[in-house]
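Each chain carries a letter (A, B, C and D) given by its place in the written order, and its residues are counted from 1.
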Amino acid sequence: MTKNRLEAFSDGVLAIIITIMVLELKIPHGSDWESLRPVIPVLLCYIMSFIYVAIYWNNHHHMIYTVKKVSGGILWANMHLLFWLSLIPFTTGWMGENHFTPLPVALYGVVLLMSAAAYIILQKQIIKKQGNDSVLKNAIGKDLKGYISLILYLIAIPFSFITTWVSEVSYFLVAMMWLIPDKRIEKNLDH
Amino acid sequence: MTKNRLEAFSDGVLAIIITIMVLELKIPHGSDWESLRPVIPVLLCYIMSFIYVAIYWNNHHHMIYTVKKVSGGILWANMHLLFWLSLIPFTTGWMGENHFTPLPVALYGVVLLMSAAAYIILQKQIIKKQGNDSVLKNAIGKDLKGYISLILYLIAIPFSFITTWVSEVSYFLVAMMWLIPDKRIEKNLDH
Amino acid sequence: MTKNRLEAFSDGVLAIIITIMVLELKIPHGSDWESLRPVIPVLLCYIMSFIYVAIYWNNHHHMIYTVKKVSGGILWANMHLLFWLSLIPFTTGWMGENHFTPLPVALYGVVLLMSAAAYIILQKQIIKKQGNDSVLKNAIGKDLKGYISLILYLIAIPFSFITTWVSEVSYFLVAMMWLIPDKRIEKNLDH
Amino acid sequence: MTKNRLEAFSDGVLAIIITIMVLELKIPHGSDWESLRPVIPVLLCYIMSFIYVAIYWNNHHHMIYTVKKVSGGILWANMHLLFWLSLIPFTTGWMGENHFTPLPVALYGVVLLMSAAAYIILQKQIIKKQGNDSVLKNAIGKDLKGYISLILYLIAIPFSFITTWVSEVSYFLVAMMWLIPDKRIEKNLDH
């Protein structure tokens, strides 16, 4: 019951986040190719953020599936995750409109870093409540992917003040790494 | 379970897409008939896009109904479809505000074409997972309507640079062709 | 199943309609009472429209509860209703920003009239599919409230070009008339 | 059934409220630290309002869980609560953009006060329908936290015209007081 509403609320917030980002694609006043040009960097940022939110939805979905008991800690860790994800439309729009200048690229990374940290906190809260033999605990193992992501973000953020393309490639690599939903959880669930 | 959240998330995104389009109907500053006039082409585009998103919701709904097993491929094919549909508010607004000039009309068609292709990909992913004897496979048969739509879009897009009304009529014809929910699936489900 | 997704999608669209209306409350630049003044008529319109959408949600909810079989006709009649309701944020904002001038007041009524008509069409589609002995058929009887609303709107719309307060009072009266959820359906359901 | 749709609709509205607030974080035109500065007070307001809406979702969720029978009174008391909560994005944005000047701070408190009152009304409607031995009745007891909140708001609102930090601290204290979901209901549910 409680779990259902947690899912429904999270689905609602994630659906809105992924869709209001498209409002940052401001409609150009002209109708030729020239007027479409400033939209392109914003569109590229939109695509990357769309993939990120889709990954979060996908993995959130697999993770919540393993939850049997909900605690106050889980509810608030989930809200904390949604908070950081809700800032993605802002950083996406800022990065796109300023053509990947250092500060917006760094801030984009900070929000991704905090979201990743919030996800790990939520994971820990769920395992704490379900016990050490829980499906999730066995599935994520040492959570290598989670910690590699954190490290890549921590490298990418300061790098954006030297050269932004290193940061952009890092963000892209993390997305690619996560694009495939967590096979480990799926496998464990099949047993 | 997994299927329920897939439906819930898709419903959420489609509900938001269909509703934020209305935000492109900018409130006029005056309050006479004259000030209402620039709203009319935007309203016409809104009506067409509303019908399109409604058709996608309707058919998506029938299609997901036949799903018994969800795979990672289905989840991502669904996200891919939602991505292209999420661009409809942008192209709708651009076409409406520029009174059906060539480039916006062509881009509107490109997004419809990519959405239709994404829908066919999702269909193939579902059939692949459910097997060749699946309800969906029998229901869509050779998917004539799907491929006719693709062809009509492919004709409409270049035509918009010659004369836009051919494109507009094509988009309208495709919508009319799909307006009726897929009787074939309904029939197969009744057995 | 089909009915559940119909409800979920309608709930989503109605929740978004009721909430995006609040975006028309533009944040004033100053921070004194004077700068708050232009917000007041928009707020009044927002309250009225909020009540209207809440009434529609309430009655839609009771009506769909009686549905046992869903048809293509019901799905499309529902979409048609959602279309007209989706225009309410636009007419609400226009009426509020122009301080109840004739044309916006009339257009507000036209959208209410079309929504009411769409609701009656949906009702007829549901009764048609469920049969003449259906709960809904017995519950609404001759649907006096439905037809009185239509008549009041038809009086209110032309009147707005003579004097707008007659229209405003009419809209308010219709809302009051519907504010109480349909006791008849509730009673019939209890048996 | 009825309860499910009540939850679904409330979840939808709360998810949208919490997410559209982020649209008030206007994307700055520049891309340096200087241009980011005006965003900071808006971000602080966003964080506080995010916590408030999250608290309402959390407690609403626990409260509705105890509901066995839904009445028209409950439906409308719920709508009344959603109405006041829907004004939070407006007051949040106004307070943030005007750097905590008296009137916006006071109005922010008024909306919080009315939301808290609406929550108590909804509570009373639920208890009235479920009976005096209901889980909710036993769980909230004398509802000390509810009434302390009202008193703190009533102090904070006039104080904002003398010095705004007293008001801000009050709003913050109330949020902290509620941050922990109502243990009493959880305990009662466990039996």
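The rule is simple: contacts are C-beta pairs under 8 Å (C-beta built on N, C-alpha and C of every residue); 3 or more make two chains touch, one makes a residue touch a chain.
As the structure is a computational prediction, the values presented were derived from the model and not from experiment.
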Relative to chain B, chain with the most remote C-alpha centre: D
Rotation angle superposing chain C onto its copy chain D by C-alpha atoms, nearest 5 degrees: 90
Interface sides of chain A and chain D: same vs different residues, half threshold: different
Inter-chain centre distance, chain B versus chain C - centres from mean C-alpha coordinates, in Å: 26
Centroid spacing, where centroids are CA-atom means, of chain A and chain C in whole angstrom: 37
Multi-chain contact sites of chain D, meaning residues that touch two or more partners: 8, 12, 15-16, 20, 23
For the chain D and chain C complex, residues of the former touching the latter: 1-2, 5, 8-9, 12-13, 15-17, 20, 23-24, 72, 75-76, 79, 82-83, 86-87, 89-90, 93-94, 97-98, 101-104, 107
Contact set on chain D toward chain A in their complex: 7-8, 11-12, 14-16, 18-20, 22-23, 25, 27-33, 36, 47, 50, 54, 57-58, 61, 65, 179-181, 186
